[in-house]
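Below is one structure, written out as structure tokens; the observations come after it.
In this document, chain identifiers A, B, C, D, E and F correspond to the written order of the chains, with residue numbering beginning at 1 in each.
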Amino acid sequence: MSLPDIEFTSADHVIAEIRDMNVKGGSPFGRAAAWAHRWVAREAGPASLEALRRRSADVAAQMAELKPTMATIANVNTLAAECLDDAADLEPARAALEALTARILDHSYAAVDSVAQVAAELIPEGGTVLMHSYSSTLVDSYRVAVQTGRRFGVVCTESRPLRESLNAVRLLREMGCEDVRFVTDAAMAESVRRADVVFLGADSLSVDGSVANKIGSFTVALVARHYGVPVYVLSELLKYDARTAAGASIELEMREPEEVLRADDPVFVPGMTVVNQFFDLTPPELVRGIVTERGVIPPYLVSSHWDALRRELLP
Amino acid sequence: MSLPDIEFTSADHVIAEIRDMNVKGGSPFGRAAAWAHRWVAREAGPASLEALRRRSADVAAQMAELKPTMATIANVNTLAAECLDDAADLEPARAALEALTARILDHSYAAVDSVAQVAAELIPEGGTVLMHSYSSTLVDSYRVAVQTGRRFGVVCTESRPLRESLNAVRLLREMGCEDVRFVTDAAMAESVRRADVVFLGADSLSVDGSVANKIGSFTVALVARHYGVPVYVLSELLKYDARTAAGASIELEMREPEEVLRADDPVFVPGMTVVNQFFDLTPPELVRGIVTERGVIPPYLVSSHWDALRRELLP
Amino acid sequence: MSLPDIEFTSADHVIAEIRDMNVKGGSPFGRAAAWAHRWVAREAGPASLEALRRRSADVAAQMAELKPTMATIANVNTLAAECLDDAADLEPARAALEALTARILDHSYAAVDSVAQVAAELIPEGGTVLMHSYSSTLVDSYRVAVQTGRRFGVVCTESRPLRESLNAVRLLREMGCEDVRFVTDAAMAESVRRADVVFLGADSLSVDGSVANKIGSFTVALVARHYGVPVYVLSELLKYDARTAAGASIELEMREPEEVLRADDPVFVPGMTVVNQFFDLTPPELVRGIVTERGVIPPYLVSSHWDALRRELLP
Amino acid sequence: MSLPDIEFTSADHVIAEIRDMNVKGGSPFGRAAAWAHRWVAREAGPASLEALRRRSADVAAQMAELKPTMATIANVNTLAAECLDDAADLEPARAALEALTARILDHSYAAVDSVAQVAAELIPEGGTVLMHSYSSTLVDSYRVAVQTGRRFGVVCTESRPLRESLNAVRLLREMGCEDVRFVTDAAMAESVRRADVVFLGADSLSVDGSVANKIGSFTVALVARHYGVPVYVLSELLKYDARTAAGASIELEMREPEEVLRADDPVFVPGMTVVNQFFDLTPPELVRGIVTERGVIPPYLVSSHWDALRRELLP
Amino acid sequence: MSLPDIEFTSADHVIAEIRDMNVKGGSPFGRAAAWAHRWVAREAGPASLEALRRRSADVAAQMAELKPTMATIANVNTLAAECLDDAADLEPARAALEALTARILDHSYAAVDSVAQVAAELIPEGGTVLMHSYSSTLVDSYRVAVQTGRRFGVVCTESRPLRESLNAVRLLREMGCEDVRFVTDAAMAESVRRADVVFLGADSLSVDGSVANKIGSFTVALVARHYGVPVYVLSELLKYDARTAAGASIELEMREPEEVLRADDPVFVPGMTVVNQFFDLTPPELVRGIVTERGVIPPYLVSSHWDALRRELLP
Amino acid sequence: MSLPDIEFTSADHVIAEIRDMNVKGGSPFGRAAAWAHRWVAREAGPASLEALRRRSADVAAQMAELKPTMATIANVNTLAAECLDDAADLEPARAALEALTARILDHSYAAVDSVAQVAAELIPEGGTVLMHSYSSTLVDSYRVAVQTGRRFGVVCTESRPLRESLNAVRLLREMGCEDVRFVTDAAMAESVRRADVVFLGADSLSVDGSVANKIGSFTVALVARHYGVPVYVLSELLKYDARTAAGASIELEMREPEEVLRADDPVFVPGMTVVNQFFDLTPPELVRGIVTERGVIPPYLVSSHWDALRRELLP
């Protein structure tokens, strides 16, 4: 229900679109990576299984270099490599890769729908959801709830610097939700206290159950615990960052200070340091559940469910 | 060390400047109220003690109506009324009111200096202070610390909607502080964790030790407790709202939504409700101490110290 | 506004009514003790200051023996003894004791009215109060709020074993409060979560700010902290147990098991031990404020305010 | 070791006994549902696989309608439907359903024994268990402990309104447990503080590790955390409510107010609202472990263990 | 009841004994400083009030330089200076100083006795006290309790590096206390959990209610809160460090690494850094009460009680 | 990288070395047990499968009796018994046991290497690790980090009574780590506050996610939570004590008091009770992750990962 993905026409096309920043959001990145490998499977070039593996690895490396922190790309790259590792000949390898990427794509579309369906159930009739930042999956869950006749209000925290929450405000109003409130990030506490439930998206999920998401998510979750309000994270499992199991920290990207305050803004003070940390980590003890395509799960079980999904995608 | 107060020339002048919003900040409001009553003492008009009392009460009422939530104005009004209640004749009453308001004015200037001196001691050499919003007293404390050769960094949270913190950034840079960082409100947690101490100003102080201050202060203090970082509030005692002892709630002003998002902003969504709560309450268990003109005090003792100050001002 | 006190006709009459358990509640006990000492001052008997002192001490000892844990009786006894200690002759001593007890009685009636007035301010318009057990002062605060046109709901927890809360339910309904809910003690959590404020009475107040009250109060307060709901205790200062400053523990009376389960009840199981602890202690960190005749105070300041009151009663 | 189940003689008999409220407790409901489907397998009627499926579905629907919140019935219904879905012909389907229900029944009896055996190990020699409400599994665990010579005390909280705990008191005394104490729900805190371990039963288990149980369980668990006392929940896995994974909330039944206070009770106050919430939810962070037929498990793993059990029952 | 103080024979003698480290413990330091000023009052030298002031100031400065962090010395020095400031002539000044120091000395001896009497009341019959490090006042409180027939056990944590707790162990055994346990600092948690009360001494008290005491006290208090066990600090008020009101931090002395591990110890590793922080700060929210000569007080009130004491000592 | 294991030459040799306390640490015990069963497989004696089983069981029983609490021995014994249970004839049984024990040994060596590799990733560049007690796996992780050029500091808490941490200090200095600090256990709090991460070893792991480790570990973890510092436990999965799933408590060994204080030490006080609890339990809510050979895992998943490992070792 979110924006349609780009229609990719080759692996290099995928890479180019990623490079040009036309792909946005963890799920679209994962699907783009699947398309890249799908086109590798279809490409005329490789004359041997080995050549196919090299091409696939090369495409994977280019995408990984462009978006090193994106778990969905890393997961698709790993699945593709394992798929080709298991193959014994060129044509069966092509077919296996085609089949794998098809499964990934089908799964990803179905996953976000399924997350939205389940999350919609968590919104109490007549209740209030507080959300931070923007996530198409969150908006999808509201749409499902509206379509089933649920009445509810949504409080959107501003989510500086980019104010992505305004996107949610707009879509909520378009779908007819009447009670859509907008508060600054600093003003979240009073709204959290009065909410029935807090919904967050995810940029990536860690093996210990921590959730990386737009900066401010941790603070929202801390305030929610203070008032005994449950927090749910909505995320397909492909966002699980398997590298964290090997001790890798989820990198919390620092972005351009200009997003926070432009140096040519009249209020800018020469010599000041503007810090633009873009993500933070919410530890699992602040999260009641992660809503995934395999249903609501405790945050501690994210790796178990990823393993199960992995076995489905790569039988 | 903050901006010089307006030179008031009559009680009505004070009221006019308050009405025109040229007076800003709890301490300046208190001093303006003292000037108003001082001019009442000096005015030619009242021909009897009773007439003087009526004039004083009328001036008090006008100021209270303009700024009903401002504790400093309420306190000065109460002191003036009690001063006149104790008098037996017109001229001694004029003299007593003149003397009272002189003491209040002297005290208030000395108080903010004293708070700055003490607070400067709380900044560790080589350490980092995190502050939220703006307060001239906080900036004064940095100035004292800089003048005594202390090196330290300051992190200023944006303090949306009005971004008053940029004022602190500018003044800190002007006084030569090298490490001045600016982070969005949503990004406070990481900076709080790494700070040695958190400094907050106050709009008013409650009998139970709660502190009303710019929206976001509560959340900063909650995060500080999570990481074991001490929080100090800098405030002269005149900001104590004695009405809270009688059960009055500190009113947490809701201001114009336009400060948060203007309706003619392209991103404004028709039908959205923009909420602009301007203050919040930080409960005393999140505050290590309030730095007052009577030194650092536990937040629970604010009423005791106010009583002592009151006896000094109105012997 | 609570039930009128007994009209005592002699010190021995007071002792008899206490012995016959016709006096109930901390405030009535304190006033009864004041009446006892007042009658001592008026009695014909004592022919010397020394005899008056002995008679007063004897009356005090009898009341203390009957109700050893009652702080109000202990306080009145101490005040009476100090009053007589300060006197130099019989007739001035009689007069001083008469005056002291008159001040105590006037103060106590005014105190509970004042507490009710202040507490009524703490009930938000359209809000919900949760209370545990019964206290006439709590009911008085509701009456004040109702008379000033406030609309609010009250949730009364059953307060087993004696279910004193039903008394509050009845009085609330009689004063026209429409939303009066009754829940079992075990069911308190959901109601606490949805309340705006929790009101508790007090049996006695401790120097460290702890509050002794009907069993269950501690648990209510713990649940309230879990959900960030403020707790206020309503109590006149005469309930402060000055003996706790000397290290005495507030004795938490164990009462007859029959109040919980009668041995002739068909469900009684031979050999079972029925425990009827009647009071518990709520530590000060769970209490936002104590509403006293000197206004709302932080629980930590109860001893300071008692000292101030003591100086008023015994100048 | 609990009361023997009813000897059911047909699927309709099961439904009738459920309708007449002769079946009580989550485990007996699950076994009753297994008997209903067993009799479906044995019934003469269905002449085709399709007819058998319809009959099974109809029986399932009737039981579900009578007890919509009962997880054990829902689980057995789902298992039966899946069993018949997998079958290709009528007779093999009958045989499979007979075998499945036999496995469920064998498993359920063994499960509660196994839970009792494991839980008995958690009672320290010379220690004290605090329990809330009644559960035959808890009593079974005491019986195992007594039979192995363990000496221990048990504190039973009253568990208003129905005081089910008196049933545990009686059975504990019958098995010779000497130290059996009974306290009101409001008085739980002091007893929890002095206990070595808290035991709770379960009505149903949620995918996020929350436990629905008799009202008051949450409060007991919160107090236990305050004093650092571990809480164990005793429950067979069949009580896992798989519907929660799809976002369904566990419905917390509101029962008749008469159970709390009858309208013809002299103390009833006309116009009062008596609320009888019968269950509450204890979140997993308050539970050290759930004792299941697969051993002690962290509450977060309940869905994993249910999946494993499901595969055993429906190979 | 602790070791008798040194019999000082001149102000210089006091200084010499301090320099030679023959004075130990906050209370003895305060009394030594009082003796120093007493001898100043008695000395033949000063021929004028000004000369007396200079001599007193010089003695004060020498003691302050030797023990800059010792609050008791600083307090006595300040009292002496204020006493001389108030005097108008030499002989009255001598007399006033003599009287002041006599009051300080009498007060200090009485204070520690009084603290012990009150603290003894806090030990429950048949209960267990856990203490950390050594304090003669703590041992005095046990002596009072033993003399009044109380039976109780004491757990002493080792208090590395100097193991001062062994001194308490010895004295407890000498006074016939039977149950005296000794555990390593790392093993405190299990003992804290089973204790009824925790007793700590104090090196100094801060205006915000924090308590500086032997390293490890903070951790003991944190563990005590985890298990809901109340913590009492035993300290005369002279240990209040009035400089903290002006923003001074209590300096947490770093002592010689050799106390922890000698460089010639065979297990010493060249290049390792041995850190010997000797004190830590326990924040007031971890302390139920401070037992002072003015009774049990909440930690937040230490400055109020010091002010009252100051007025008694320097009327 | 730790000390090489003993070269065992027979099952009886293993038992003798265990009896003589030449085997130390959970992992070496597990490998010793594997060697014992390997030699059973190779021994000439048993003439029948039944005899082999008896011999294996006898060797297992002897090791279990010597070290009843050691989970690694118990696990190897259980695996060996199950391996022989599955065998049908003598020679295949020998071969299976040989293969099993080879897998266990290979796995254990690889496991500790793998844990070290992953844990090294968790040390931030320029950061500080705080560790308690000693564990060769922890030291291995530092070695990996040093070898990859990471610069970091390590704070070692003394870990009385045996001060095992000095072993870590020595090895860290030998590998060139420059910033190695040593603090007493009582002084841990300040160092924990300033650390980036806390590393602990493990003696055994419990089904509920609790970790048994050297006494003091719980307190370190509690302090770490107070300051928001993450705690990781480094442990191979073979330390999982499967008996805890059946309700067994992890036995927290009490060792000889002489390790704490020798009775012939001059400071020993006759009649004092020296308690030497050697291990404590850290509950899972204080642990961010356990670093195992299967990567970082949430503590709650330890049983799931053990089951997976078990299936690998005993296919």
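Assume a residue touches a chain if its C-beta (ideal position, glycine included) is under 8 Å from a C-beta of that chain, and two chains touch if they have at least 3 such contacts.
Bear in mind that the values here come from a model prediction, so they are computed numbers and not experimental data.
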Co-neighbours of subunit B and subunit A - touch as defined: C, F
Can you give the shortest number of steps from subunit B to subunit E, where adjacent chains in the path must touch? 1
What rotation angle, rounded to the nearest 5 degrees, superposes the C-alpha atoms of subunit A onto those of its identical copy subunit D? 120
Could you label the subunit E-subunit F interface same or different, taking same to mean over half of its residue numbers are used by both chains? same
How many angstrom lie between the CA centroids of subunit A and subunit C, rounded to a whole number? 58
Per the centroid of Cα atoms for each chain, what is the distance between subunit C and subunit E, given in Å? 38
Mark out which residues of subunit D touch at least two other chains, giving numbers and ranges. 226, 285, 300-301, 304
Pull out all the chain pairs that touch, please. A-B, A-C, A-D, A-F, B-C, B-E, B-F, C-D, C-E, D-E, D-F, E-F
Under the touch definition given earlier, write down the residues of subunit C that touch subunit D in their complex. 132, 157-161, 163, 166, 169-170, 173, 178-191, 214-216, 218-219, 222-223, 226, 260-261, 267, 269-277, 280
Residue numbers of subunit C touching subunit E in their complex, please. 207-209, 244-249, 283-285, 300-301, 303-304
For subunit F, which residues count as touching subunit A in their complex? 117-122, 124, 285, 288-289, 291, 294-298, 300-301, 304
Quick one: which bits of subunit B touch subunit F in the complex? Just the residue numbers, please. 193, 226-228
